[in-house]
Amino acid sequence: MIELAQPINTASLIYVLDFIGVIACAVAGTMLAISKGFDLFGCILASMVNAIGGGTIRDVMLDRHPLFWTIDLNYVFAITITSILCQMFFRPTARMNGVLKLFDAIGLSAFSVIGLTVALSMGATPLIAVMMAVMTSIAGGIMRDMICQELPMVLQKEIYITASILGSLTYLGLGRLGVVAWLCELAMLMVVFGVRMLAVRYDWHLPNIRMV
Amino acid sequence: MIELAQPINTASLIYVLDFIGVIACAVAGTMLAISKGFDLFGCILASMVNAIGGGTIRDVMLDRHPLFWTIDLNYVFAITITSILCQMFFRPTARMNGVLKLFDAIGLSAFSVIGLTVALSMGATPLIAVMMAVMTSIAGGIMRDMICQELPMVLQKEIYITASILGSLTYLGLGRLGVVAWLCELAMLMVVFGVRMLAVRYDWHLPNIRMV
Amino acid sequence: MIELAQPINTASLIYVLDFIGVIACAVAGTMLAISKGFDLFGCILASMVNAIGGGTIRDVMLDRHPLFWTIDLNYVFAITITSILCQMFFRPTARMNGVLKLFDAIGLSAFSVIGLTVALSMGATPLIAVMMAVMTSIAGGIMRDMICQELPMVLQKEIYITASILGSLTYLGLGRLGVVAWLCELAMLMVVFGVRMLAVRYDWHLPNIRMV
C-alpha cells in the first residue's frame, strides 16, 4: 500500500452521506406508503424498511450483531422525524423530485461503500462483498415495494444495481493496485454517484441481451 | 424497586395468552389462505408465518438462538392442528369474527409484552425494545399479507401499532417509577388489549397529520 | 446402525443434484423475471433469490454461519451464468418445459435432503428438521413470487410440500429402523422425486379437506 496523507476524514464523510441516503429513503418510503393509504405508523414502518432494511439483511447474512441501527439510534430518530415531517408537509413537485433523485444517488453511493467495506472487514471474498454492496443499497427498496404491492422499481429499468457494481469494481481494482483504502472509498463514491446521475440525466437503461 | 407479593404467575398467564394469540393468528392466516386457493400445506404455512413470523424476525434481529419455536414444539403443534381444524370446519360468521377480533387483541397484547421483555432481557435500549414489541406483534401479519398479495391491513387504518406502542410506554414508564416487573407486564397487557378493543368497538383510526 | 458398504458417494451425488436444482431454479427465476420486465441484473437477482433463498432462510433460522453460498462460490457463478445464458438464448417451448419440470423435481429432492440433514446435524428435532427440508426447497420460490407480485405457485395446487414431507418421513422412518445414513438419503431422494414426478404426470392435487 502506498501511504498517502489523508486530507479528508472518509469515515465522517461516509457517515454524513449515509444519513443523506437514509433521509432520501425515508422520504421515498413515506411517499409510497401515503399513496397506499397507510396511517401514521404504517408510513413510518415503510420508511424504516426502505432506509435500514438493506443494511439489516446484510448484517443478518454476515452474522454481524448487534445490528447497526440498534446501537446507533440516530438512524431510527432520523427516519421517524423525516417520515413525520414528510407526512405533515411534503407535496411532491418536479423540483422536489429532482432533489430526491440527487439525495437518492448520494444514498446509493454511501450504502454501496458501507456494504462493500463492512463485508470485506468481516472477511468476505470480493465477489460476496460486491453482492453485499448491492444488497445494502437495494434490498430496502425492494422490501418496501413488496410490502406496498409494487413490482420493485430497481429491478426493472433503472441503472441502479449496475452503478453499485461498477463502483465496487473500482474499489477492488484500485485496492489491487495498492491504493490506500480512503482513496478507494472516495473513488467508489464518485463512480456510483456519477454513473447513477448520468443514468438519470440521460435516461440510460441496460440493453436487452436477448440473442434469439 | 418496590417488592410486592406476586398474586398471579405472570409468566404462565402470558404463556396462555400467547397461545390464544397464536391460535387467532393461525385461524386468520388459514382463512386468508383458503380465500387465495392455497392447498392443505399452503394454508398451514400461511398460518405459521402469521403466528410465529413476527417472533422469528425479532429473534433473528436480536441474534437470539435457537428460535423459540424450535425448542418449544407446542407452537408448531398448535398452529398445525388449528389450521387443519379450521380448513375442515370453519365457516366465517359475524359472531365468529367477533370472537376472532377478541382473540386477536389478546394475541396482540401477549406478543407485545413478550417482544418488549425479550428485547430488554437481551440488553436492548428502551427504544429498540419498543420496536421489537411492535415487530413481534405485527411482522407475522405483514408477511402473511405479502405472501397472499394483499396490502398489509395493520399498516393501514387500524389502531394496531399504536396499541402496542402505548402498552410499551406504559411498561417502561411504570418500570422507571420503580414498579415491579410483573405489575408492569400486567399493566402493559391491559393497555394494549384495552386500546385495541376500544379501537375495534368505536372504529377508531389515527388522524391524518397532513398540515398543508 | 447396520453398517453397509457404500457403493455410491452420496455426498457427491447430492452435490451434483443440488446444482441441477440450482440451475432449474435459476432458469425459472429468470423466465418469470423477464416476463415482468426486469433488466439484466434484476433477472440475475430474481434467479439468486429463487435458487439460494430457501437455503439462506434455513441457515439464518438455524444460525449456521457463514452462509453456504458465501463459502462455495460455485452457487453464485452457476446462477449468474445460467441467468445470462437464459436471457440471451432461452425460448420457452413445450419440450423445454418438460425438461425444466424434471430438473425442478431433481432440485426439490436434493434441496429437501440437504435441508433435512443440515438441520439434523445442527441438533434440530425431527419435526423441525422436516420443516427445514420444506423451507429449503420452497422458500426461494415463494420469495421469488413475492418479489414478482405473484401468488406463490407452490402453496396452491401442486404436490410440492407434500413430496418433501413424504421424503423426510421416509428418511426419519428408515433411520429409526437402523438403516445407514446414505441409504436413508438415497431413499429420500427417490421418494421426493417419485412423488413429485407422479404428481406432474397425473396432475395430482391435494384433496380439499373441508367437512362442512
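A, B and C label the chains in the order they appear, each numbered from 1.
The definition used in the following text is that contacts are C-beta pairs under 8 Å (C-beta built on N, C-alpha and C of every residue); 3 or more make two chains touch, one makes a residue touch a chain.
Keep in mind that what you see is a predicted model, and the values were worked out from it rather than measured.
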> Same or different for chain B and chain C, when you check if over half of the residue numbers at their contact belong to both copies?
Replying inline: different
> Upon optimal superposition of chain A on chain C over Cα atoms, what rotation angle is obtained, reported to the nearest 5 degrees?
Replying inline: 120
> For chain B and chain C, what's the span in angstrom between their mean Cα positions?
Replying inline: 32
> Considering chain C alone, which of its residues make contact with at least two other chains?
Replying inline: 60, 63, 146, 149
> Which positions of chain B touch chain A when the two form their complex?
Replying inline: 60-63, 124-125, 127-128, 131, 134, 142, 146, 149-152, 154-157, 161-162, 165, 205-206, 209-212
> Which of the residues in chain C end up touching chain A in this complex?
Replying inline: 33, 36-42, 45-46, 56, 60, 63, 65-67, 70, 73, 76, 84, 87-89, 91, 146-149
